[in-house]
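Here's a structure for you.
Order of writing sets the chain letters: A, B, C, D, E, F and G. Residues in each chain are counted from 1.
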Amino acid sequence: MNVHDFLYYIILPILSISSLLVFVRFFKGPSIVDRVVALDLLITIGIGIIAIYSVISDKPTFLDISLVLALIAFLGTVAFAYYLEKRNKND
Amino acid sequence: MEILLAIITGVLYASGIYMIMRRSMVKLILGIILLGNGVNLLIFVLGRITKGKPPIIDSAEKVLEGVYADPIPQALILTAIVISFGLQAFAIILMKRTFKVLKTDDLDQLNTTDEDS
Amino acid sequence: MIDILICITSGLGALFVLLAAVGTLRMPDQYLRISVNTKAATLGVGLLLVSAALFFLEISVFTRVITVIIFILITAPVGAHLIGRTSYFIGNELWGNSVIDDLKGKYNKSTHELKGEDKENESENEKDSIPKT
Amino acid sequence: MLEAVLLGFLFSLFLVFSGSYLRGRLAVLSSLIPLSLFIYFSTFISEIADGKVIYEIHEWVPSFGVNLSFTLDGLSLLFALMITGVGTMVFVYSSAYLKDHKYLDRFYGYLSLFMAAMLGLVLSDNLMSMFIFWELTSISSFYLIGFNNDKEDSRKSALIALGVTGIGGLMLLGGAILLGDVAGTYRISEMLSSREAIADSSHYVLILIFIFSAAFTKSAQFPFHFWLPEAMKAPTPVSTYLHSATMVKAGVYLLFRMTPVLNGAEIWHTVLIVVGGITMIYSAIHIIFRTDLKGILAYSTIAALGILVFLIGIGTQAALVAAAVFIVVHALYKASLFLITGIIDHETGTRDVTQLAGLRKVMLPVAIAGFIAALISGGVPPTLGFVGKDLIYESTLHFKDNAILLTIIALSTNVLLFYAGFVAGIKPFMGKLPKKFEKIRLPSPLMWVPPLIMTSAGLVFGLFPGLIETAVAKPIAMTQALQFEDFHLKLWHGFNPILALSATTLILGTVLYFVLKPKHSLEVTIAKLDPIAPKTLLINLSEGFAVFSKFWTNFFQTGYLRHYLFIVVSFLILLLGYLIFSDFSLSIDTSSLTELTIYEISILIMLLLGVLYTVFTKSRLAAVASLGVVGLSFSLLFLFYSAPDLAMTQFSVDTLTVILFVLVLYKLPKYLNLSDIRLRIKHGIISISFGVLITILILKVLSEPKNTEVTEFYAENAYKLAHGKNIVNVILVDFRGTDTMIEISVLIVAALGVFGLLKLKLKTKDKK
Amino acid sequence: MTNDIIILPLVVHLFFSIVLMFFWNKVDFQKIFSVVANFIALLVAIWVFVFVYNNGTQVVQSGNWEAPFGIVFVGDMLAATLVLLTAIAGFAVSIFSTISVIRARLRFGYFSVFHFLLLGLNGAFLTGDIFNLYVWFEIIIISSFVLISIGGEKNQLEGAVKYFALNFFASMIFLTALGVLYGLVGTLNMADISLKIAEVQNRNLVEISAVLFLVGFGIKSAIFPLYFWLPASYHTPPSAVSAIFAGLLTKVGVYALIRVFTLIYGGDGFLNTLLLTLAIMTIFSGGVGAIVQNNIKKVFMYFIICHIGFMIGGLALFTEVAMAGVIFYLIHDIIIKTNLFLISGLIYRIKATNNMKKLGGLYANYPKLSLLMAIPLFSLIGIPPLSGYWPKISLILASLNAEQYWFFGALIFGSLITLIVIAKLWSEVFWKDQPKLSLPKKFIYFDQLRLGQKFTFIFPVAFLTFVTLYIGFGAEHIQQLSQRIASELINNELYIDAVLKR
Amino acid sequence: MKSKFLSNILLTLIWVFLTGGYEFNNFLFGFILSFIILWILSGADDKNSKKYFKIIPRIISFIFFFLWELTKANIQVAYEVSTPKFNMKPGIVAVPLDAKTDLEITLLANLITLTPGTLALDVSTDRSVLYIHAMYVEDKQVFIADIKTGFEKRLLEILR
Amino acid sequence: MRTLILKSASSYLLPVLLIFSVFILLRGHYLPGGGFVGGLVAAIAFVLHAFSHGLDKTRTILKLHPGFLMPLGLLVAFLSGIAPMVFSDLPFMTGLWAENPIPVIGAIGSALFFDLGVYLVVIGASLTIIFTISESA
């Protein structure tokens, strides 16, 4: 088994399963906070997936996408927090 | 894979259409977004998909050769995404303003302009 | 050699990510979930990025990976702080087995001000009273 | 001739800008226009009587074959003289009748517009330009009927008249176009040579339907006649001019004109005789039940028009000559009677024949005119009416089928017309003058001289029928007949069945006049039949149609967005479903498809769940957050499928949208569970069907080959020619840079819109 | 620069919308500038028209990429004509806007967005690329969204929501069609598509893509049963906005249908039958709707729908005669519908209402103005020899020749309804005495305006009326033009040859 | 001036790292670019910075300390998450702050958050107290002492 | 939001993100990126700043009204589009390229200016939209 196969057959599936698990939390909630946290985590995992995928497909430039993802995920969290604080109620 | 993508596209269309037929304006906009995503996916899939070969010429090369993804649908979708973003942003604000003026987001109550006056 | 290193870093990374995922699923209250996922995921993703850097072994990739990691290290805790604070603010309860809650009654619901330690004793007694501003 | 036609138009145009000069006394000067035209056309009489036909062509829209080509022959000359002649009288009369009317200038404007249009109509040799003038007469009639536009009645009548003649106009258009198509020309004079081709054409019947519809509506034939009594709401000069003497005869004119072109088949004759016959009898009987002078005259006009159509239907030379003469007769007496009625109305304030009596004592000249008019109308010798009546009987008696029946119809009609003429022309002047009318004085001569002139003309022509014979009858007969047979008009034909019929008419008419007194009760009686009258039927029909319209419109235009979307989507499903299942063959080459991997599947599952969660969650915020999941999944998908740019953009945009949403959401109320379950199921079915169709569609397209010429060009030349290696970006900024330029403009406009929507708050005074 | 002459209208509008954005707050400057810009655009459009008329179809390959690899702009006679009409309508409406649109709205980018709208229209007419057409459509609809909602009044917002939702849906369907088409032929250049689609084996899929286009464009052009957004929204914004919408927005949908169905899907039996059926229903529904309305703007709106049916039906007949009728009607319709909405704005300024029941006495008080307004009204009906009459000759002839009696009936029905409803309108609004009503006091009535302001109100109406009169009395020129366009459309090889330089 | 110059250099370096091109031109471009950005942003922040060369060893030792804490605590959490029963004693603890500046407080809070088991929830408005959510609060005072002598002290050594 | 942590974090993030955005913009012709994403990143940087510091503070930093960036960007794109028409009698949007490529960015041409225009427009439009909403929120 070479690195490629290792990443392809072991790492990526683990990451995929992780994201599905997180999605379960997203689905369950119960608070909107949980969902926001889950979304944030999903994106973080997405960054990991991109990193591994850039290795698999030998395209280092994909890593830049992960930076964009990280940046925007952060903004999303900030916005949700902003909203929730203003709204002051659990929806 | 294409079959799954086709099904997902169908689901996106169906969901989008279902949502835009709800009474809540929020759902209308959610529906619009879903529909927009569905359309993008449709163009993408119909442009034929290719894995792991982005339409980027290697730094050492001068032409793109072999198997590669069709860049045209990508460019089209990019344009469509940006346009949809503009429209969606506008729609969201329209919703806000409408709620502010009409005090409701129930679309069924926005039915006076069709009446004769 | 480098391959083994890649396997180790990526394996650990994936493991931490999985850990974060399980933690997020299992932990009993929001604060714990936030707590768990912020670090585990940060560490995990960091390791995954490192494995990518190891794979390419190019200076440009290396700098890029460092940038992403630094960025995540800055944003993840700030995000956690924001959402954790918000969670408290909107009234999400701590897990039943929690032992202490120093924050209780410290937030002013209308001005969003947070009191410091000194005034703890006064405020704890009148936690729901409307503060004079 | 163009100048002659244009003169009226120019005059009315002139009045728009300087109408105020034409008030009061000066008004009578405007009758110089028709008068000069009358004189102008009179100069052609001798030429035309010699059998000459004058043509004049002005190119206008040759690509349509529509040109202003005029022809002056016996038929058009007769009408031109009538139009200008009666026109002169009416112009003069109006100057007194409407002396102090605020809008006298407008009135003259419309009137001369009408006159010009009518002249154009009868002079046109081109069917298309004839149609144009035809429509203009309808429009000017609309304005004239509605002249007293502050009264709702007038407006309504104007509308009815316009509606009925409007249908006819469109039919004429259809007929003209078809005829032009079949004959290869719109010129009537040239159509004659295609007579056979037209009769043999598959469109012949359609052409007849069109032409008949046009003629019958314009000339108030049963069952379209009802607009004419309605049109009597117009000021009396208008009734005189348009609705008895000229415009209503346009239909007759059309039939006359088209006779040589179209009368090749039996159906032509049958229809005209039947319709004309019914119209004659139907409206003649109606006369008995009327007490309003104008009502009586209106129905007698319809009857007269019926006679004309009937005669054209008979179509023998005698009948056509009879029709021609009758046109003159009718114009003279009916116009006079109308003018006289106008005088009575003007002076006494009533047109109720049961109240009018003895007026000869206060307005003798009017009474004289009325008397002569009644004689002409009754066909009493030696008036021209007698000549006309003779000719009618002659043609019915000698018709090949059902001669007796036709004669009886003609006789009954004539008797009733006799009665009508006497009631209108004689009765108001006879008997004892009621006290309330004693103070009445003879009005201005401008009013009573015109009827006197016209009736005298009727008398003179009666005494010298040769005048009419050379100027009217023969030239017209020449325009109609394929083989002209010579004839002579005479007062006295000797004792024959025709004379007997004429005598019978006079006797029966006189008896009827003395026996039958107009009574309101009769009017009430006939009113009972109103529910089945064509007018009522049409009004009911149009009201029913209005109800239906409302239903139809409201059925679709409910105001509910979801309803609109539902229809639109259903329609699309219907079309797509039909097409997809009409050729349902899915042959997907699975080997050409990309393989499945676990990470793709998990991303797809996440995408799917995210979408479904967005749809079904009860929390708006959760739905929005779920969109974030969808965006992420998309982004990863795009990455896997070699679209890094898309991945970046999709994700950024989705997140930005989510942020916008979040910023706005807290101002909005929570979801309410608004739609009921049945609606949701209905919409669910529709949505799912659509989704399924889209899926099938995608699979179908994927099973087809795709042309890659353009893609290959980009792959080959992106770097060489456009200096870029990221081909997607090269497409965006270079190959298809224009798209991008507009795309960012869209973004700008959206931003401007957002800015305006949120910042702009209209103050109350700003609101319009 | 003469090579690129046909895209000058685009350059002008884009440039001026940029400039107008820079002078965001200077309303008076914007007014002058916008009118000047539209005047320049008008001159340019005339130049383009004359140039194309004399030199035939012009092709500009943007980016110097030869077709089908880049985006081409194609100035054929149809496009040049529509560009000219857009310029005429735009010029009139911009003048009207300076006086009729309130300052508050002007301060929020009205003119800039207005120029973007005109830019979009011109682009849509000129482009030879199907995706580029989509993009132009989007700039059109976003501008129209902004214009329809600017000011944010209750009615406007209600209308805007529906307008938005259905038009967005239309765009999505358009994109879907595009995706399917691209998936089949792999090209976006319309001329190229026309050639390559002939090679597609699966004709069923070709028809499906056509139907998708039909629905996408059909919504925009307001055909049955896709028009509902129009009566829900067109009357809600200021009249100047309604005017440009009425004149050009639905017509750009018609244009797209014409272009696509002549160039790409020419003469398909199923499609033509479908189009014809829809046309008949459109005429019927529009006509029937017009009967019901009491608001003059709404009456005009339903006539927009009704008369769209005329054009769609003509397109469906797919003969040169019919097509000439369609083009003539299109030319007539753009000017007349724009003018009618300007007129409704003028009436509103005079009486503070557009409701027929509340209106009256216009003829008594404003006789000359009334007669001026009567001309467009009569032209709408098609009173000969005014402009609406001529195209009917071609349409009727074509329908009878094709033995499409239902369509013929629909034409007659539509014309008759127009006649009756307009006559009713005339009688209510112009003839009837002004009913006694409490009128808003704060409103600035027409009478209270200064002479110059009055002139600014009337000039655009008079200008468009003059154009209408020219179309009517100069019908020979218009018909020759229409026939030329029709022939170019039916014989689409000319277009294809010009674009692909074959 | 000095701090600005330093930020400028820093940004230029980031640019060069990002682009991975080490030619003079790229340095120049990066310098100009960051100069422009700093110019645009001028007025946002004006903190003085000093003694760069002294603190580098401290930074390095701090990084190792941090990594150690990170690993240690992660294992702890891993154990917690992967075993069926929870042994946690969570709670929110108010920790008085010695850190004063924005940067100090922020860094401290972030570092605390990044190490497992603790989450810096918020800083009181008067900046006197940091509220920390912790998974294991056996004894509040011990916990506070750990934080103050561990992270805070080391961090302040670097920053001051 | 009154949180010190976010506030100071975003102050430090802002310049880094801006530099990153320019990076994304410039490399677009060779690698994934370009004006649109670059512009979005820049816009997001400012939005973050606005969330933490308040709009007014961000405005003072930005100096220009974001609305001004829209016409400016469009003008840049427009000029790069018509430059070939005006200067070289070439069709609209024809690419003009400098002889020698420079490092990092690669060949300098009108396409680059076009992308710069896109970048500015995207910043302007996004910020206009978000700022407007925040203000009225």
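As a working rule, a residue touches a chain if its C-beta (ideal position, glycine included) is under 8 Å from a C-beta of that chain, and two chains touch if they have at least 3 such contacts.
For clarity, every value in this text was computed on a predicted model and none was experimentally measured.
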Intersection of contact partners for chain D and chain G: A, B, E
Of all other chains, the one whose Cα centre sits farthest from chain C: D
Nearest-to-centre chain - CA centroid comparison: E
Most distant chain from chain E, judged by the mean position of its C-alpha atoms: F
Centroid distance [mean C-alpha coordinates] between chain E and chain C, Å: 57
Inter-centroid spacing, chain F versus chain C (mean Cα positions, whole Å): 13
Chain C and chain D, separation of their C-alpha mean positions in angstrom: 79
Mean-CA-position distance for chain G and chain F (Å): 30
Junction residues of chain G, two or more chains touched: 1-3, 5-6, 9, 16, 20, 30-33, 36-37, 41, 44, 47, 67, 70-71, 74, 78, 92-93, 95, 125, 129, 132-133, 136-137
Residues of chain D touching at least two other chains: 557, 559, 561, 565, 601, 620, 640, 644-645, 647-649, 652-653, 656, 659-660, 663-667, 694, 701-702, 706, 708, 710-711, 714, 725-726, 728, 732, 734, 736-741, 743-755, 757-759
Per-residue multi-chain contacts in chain E, two or more chains: 14, 21, 62-63, 131, 135, 138, 142, 145-146, 149, 152-153, 161-162, 165, 169, 176, 180, 183, 186, 188, 231-232, 292
Of all residues in chain B, those that touch chain E in their complex: 16, 20, 25, 28, 32, 35-36, 38-39, 42-43, 46-48, 70, 72-73, 76, 79-80, 83, 86-87, 90-91, 94-95, 97-98, 101-102, 107, 110-114, 116-117
Touching residues (chain side chain F, partner chain G) in the complex: 7, 11, 14-15, 18-19, 21, 23, 25-26, 29, 33-34, 37-38, 40-41, 43-45, 102-103, 105-106, 109-110, 120, 122-123, 125, 127
Touching residues on chain G, where the partner in the complex is chain C: 1-3, 5-6, 9, 12-13, 16, 20
Sites on chain G touched by chain D in the complex: 28-37, 40-41, 44, 47, 67, 70-71, 73-74, 77-78, 81, 92-93, 95, 97, 101, 106-107, 109, 111, 114-115, 117-118, 121-122, 124-126, 128-130, 132-137
Sites on chain D touched by chain G in the complex: 644-645, 647-649, 652-653, 656, 659-660, 663-664, 666-667, 722-726, 728-730, 732-734, 737-738, 740-741, 744-745, 747-748, 750-752, 754-755, 758-759
